[in-house]
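Note that the chains are named A, B and C in the order they appear, and that numbering of residues resets to 1 at the start of each chain.
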Amino acid sequence: MGTRLGELVERFGGQLMGDANLEVTGIAPLTDAGVSHISFLSNSKLRAQALQTAAAALIVSPADDEFIAAGYSGARIVTPNPYVYFAKAAQYFYSLTAIVPPAGVHPTAFIGEGAQIAATAHIGPKVVVEAGAVIGEHAVIDAGCYIGREAVIGEGTHFFANVTFHAYCQIGARGIIHSGAVIGTDGFGFANEKGVYIKIPQTGRVMIGDDVDIGANTTVDRGALADTVIEDGVKLDNLIQIAHNCHIGAHTAMAGCVGMAGSTTVGKYCTFGGAAMINGHITIADHVNVGPSTMIPRSLTEPGTYIGYYPMSRPAEWEKSAVIVRNLAAMRDKVRALEKTIKTLTNQEEK
Amino acid sequence: MGTRLGELVERFGGQLMGDANLEVTGIAPLTDAGVSHISFLSNSKLRAQALQTAAAALIVSPADDEFIAAGYSGARIVTPNPYVYFAKAAQYFYSLTAIVPPAGVHPTAFIGEGAQIAATAHIGPKVVVEAGAVIGEHAVIDAGCYIGREAVIGEGTHFFANVTFHAYCQIGARGIIHSGAVIGTDGFGFANEKGVYIKIPQTGRVMIGDDVDIGANTTVDRGALADTVIEDGVKLDNLIQIAHNCHIGAHTAMAGCVGMAGSTTVGKYCTFGGAAMINGHITIADHVNVGPSTMIPRSLTEPGTYIGYYPMSRPAEWEKSAVIVRNLAAMRDKVRALEKTIKTLTNQEEK
Amino acid sequence: MGTRLGELVERFGGQLMGDANLEVTGIAPLTDAGVSHISFLSNSKLRAQALQTAAAALIVSPADDEFIAAGYSGARIVTPNPYVYFAKAAQYFYSLTAIVPPAGVHPTAFIGEGAQIAATAHIGPKVVVEAGAVIGEHAVIDAGCYIGREAVIGEGTHFFANVTFHAYCQIGARGIIHSGAVIGTDGFGFANEKGVYIKIPQTGRVMIGDDVDIGANTTVDRGALADTVIEDGVKLDNLIQIAHNCHIGAHTAMAGCVGMAGSTTVGKYCTFGGAAMINGHITIADHVNVGPSTMIPRSLTEPGTYIGYYPMSRPAEWEKSAVIVRNLAAMRDKVRALEKTIKTLTNQEEK
């Protein structure tokens, strides 16, 4: 099962140099591609490697095309961003063989009163949909998922097996929630009376836009009073914690194990490396990039990159440096004292 | 649906200045409250804002009451801790509209032999209760939960959907376990024979007191031989890892992503910021507060606050500082050499 | 229920000094053991304590045996590694009383078309096994697990309740996957077109060897094109994230909360402390040991230990040191300036 190069160009654009009727059966990296594949050159440093590929066709950028054309005899699709073209083509090849879950509710699912399930939606085995929930057209809810009361799932959104999506929360169209994710759990809100915690009811929702992906075992708390908000196009990896009343701007991406404390607003088009930690009650500007294992304690008003983690060493070196780090103020004071003494000495010299 | 101010004062105390028959429909922050709401002033810095609130009534502290009384025409409830009062009132308002799950076992649940389920308990769809488990009065076990063999769930405790609570573990009264949490998984215990790990059976339990909340996707390991213990009133946020044989003292709270290695004892009334990490086989005193992203490598015998994470910077600055941090011993040696040289120079000067 | 000392020695070796027909009912640490127990001395520092144990028998090393023999009247099993012997004996005692789940498919499970389930396997309540999956002899799949299409589960492997194991992934024999773990979720792979993320289909698998343990709520992503691989004997604790296309060498162990970014290869016999973070696209040699809370940014070609986390302090000290850490380049420049000035001064002195 495959497709014609002409079909790809009709769907995803690009300038075809070669036979539109050439069939390709899949897409693969330069070194893995076989003679029935199309491949792609997304990094100009791999130009020489590209000439060696067995692939029947190559996706190349205009900048690389002259070089490739001179040494490669297969077909070419010229497009400004070959990696994006690869992603789109890969999705298309994937769709040709993907097993589409059948429309309808599996007999072992439990559907609460008044839940509205679109005719084209798939509800898998052992799913529980509570009363009044709304599930859109072509949504796919895999086995064992829990959809809370009056929750709303948009068109074409896919929940993998064993997602928990709590009452009144909403997600838009074309989203993906991976297994074990928990959306809409109570935020961590308490008043403290003489040492004893008193729970503050968490009555807000989680409101998720379109085209949002949420990773496996990631948790997103519902708001305390107002809502927790995740805007369109946000991508969250696995094992991320988003606390109550956070707001994540559109097209921001967070890698695995990130934590975000409560009532923080992150801008649009930001990226967060793995295990980055974000303090509560702060605001991060648009287009901020945070490195891995970095703690962001305060608001960031300027776009750009921020990073800070302790450099690893061998234990003996680390132990030495860690002791000094703890007492850096003492070293600074010594340097200051030295500067003063030397100033005195120098003055004496000059006299 | 709402309540009279008099009803609130009867339930939660405080001195009412105003009409006991005034009806309020809910509680909201100063700026969000409408004319049918009661609001609260828990931070004296917001006094001026409080005078602008639309709320029909205000909860205030004795210290703020004179100021508020002078400028605010609504009713007042005077109480030492308005934030605690807010929490209690919010719980009460929440209870007025909350949908109480019906008593009884859902027909799609599976109940093992000899399990004892109180008549007033709710067992939701697709729940599995293994043989010999005991579930107390008014407990609520939502859809998809798994209760292991001979586990014990106390009165009024609430498991949200998809909790896993393993065999022989126990939780007391009025607890909450959020979705995806796993209680009583095997601890990470192995002997090593020539590089190969040999599992040590984990035969202890997890014993949880009353009024304990455990967050979504948090994991608590059962003890190896003795039990893992969580005392009354402990509050654990999401995605926390508690290893085998840990003991957490009463009314301690941990924010999201905290990790606690095995056989560690944490005292009472402690707090841990997000992603704090606690070493194994140590003891933390009562009333210790640990900052976010802070690693605690050794026992802490003194109450108070401890913190330590690398300060974020711009990449160029961080790279410079990280290189120096790794070689701080070299800088210290240079400073020492300078001190020595200067001492010699100064002595020569003095001669 | 117990066993004879002779039975232990027949099963696990060691030289028995005492009555082979002596019955012991269990194994316990030195101080906990009662008169019907066997105990073990795995740390020579506890020799004196061993003499005080109530245990009827002791497992000791050849190095400790002379000392113990002189002062302890019970039976002894002499073996090179008493802790390993303890683990094996504990497993055996555990097996004597463990409740073995019955072979067969629970009536509330759902089994997809063409799934092959061995006659001796146990499939618990509410389990979902998708079409074409293969489950080996004596495998135990506890309640609520999800086994994806054409997944393969090896002989004697045990999934605790509520594991999610996705389509086409494989695990070998004698493995354990703990509750809430998600194996084979999509990797976090996107192309970016003008700020908008475009998903790259993740079509690789997760391939897991024999004797692998995976902790509760741990997530392992499937490969993008090639597979994510976990070799024999690997032990992963709870809440670990393994990204797509990682490769973990045999007999490597990772403690809780570790994160591993994509396309990284970790060698054999490595250990990672809790919350260690491993960068993507790097290679870690065999026999590397990483400390807790340590970020590994680059490949490690040498075996040995690596560590680096910020030392905790009291807040006032940390704030001072953190400010200086951020500006260490300034301090270094001052020290250099001092060195230069002093060199000049010293030269003048010498003239």
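Basically, a contact is a pair of C-beta atoms (placed from the backbone, for glycine too) under 8 Å apart; a residue touches a chain by one contact, two chains touch by 3 or more.
Predicted model only: the values in this text are computed from it and were never measured.
Chain contact topology: the protein chains form a complete graph, every chain touching every other one. Interface of subunit A with subunit B: the two copies contact each other largely through different residue positions, with under half of all numbers used appearing on both sides. The rotation relating subunit A to subunit C, fitted on Cα atoms, amounts to 120°, rounded to the nearest 5.
Rounded to whole angstrom units, the spacing between the C-alpha centres of subunit A and subunit B is 27.
Of all residues in subunit A, those touching 2 or more other chains are 126, 144, 162, 180, 217, 239, 257, 275, 309-311, 313, 325, 331, 335, 338, 342, 345, listed in ascending order. Those residues of subunit B that touch subunit C in the complex are listed here as 110, 126, 128, 130, 144, 146, 148-149, 162, 164, 166, 180, 182, 185-186, 188, 190-193, 195-201, 203, 217, 219, 221, 225-226, 239, 241, 243, 257, 259, 261, 275, 277, 279, 290-291, 294-297, 304-311, 313, 317, 320-321, 324-325, 331, 334-335, 338, 341-342, 345, 348. Interface residues of subunit C facing subunit B in the complex, by the touch rule stated above, are 28-29, 32, 81, 83-84, 86-88, 90-91, 93-94, 99, 106, 108, 124-126, 142-144, 160-162, 176, 178-180, 213, 215-217, 233, 235, 237-239, 251, 253, 255-257, 269, 274-275, 292-293, 309-315, 318, 322-323, 325-329, 331-332, 335, 338-339, 342, 345-346, 349.
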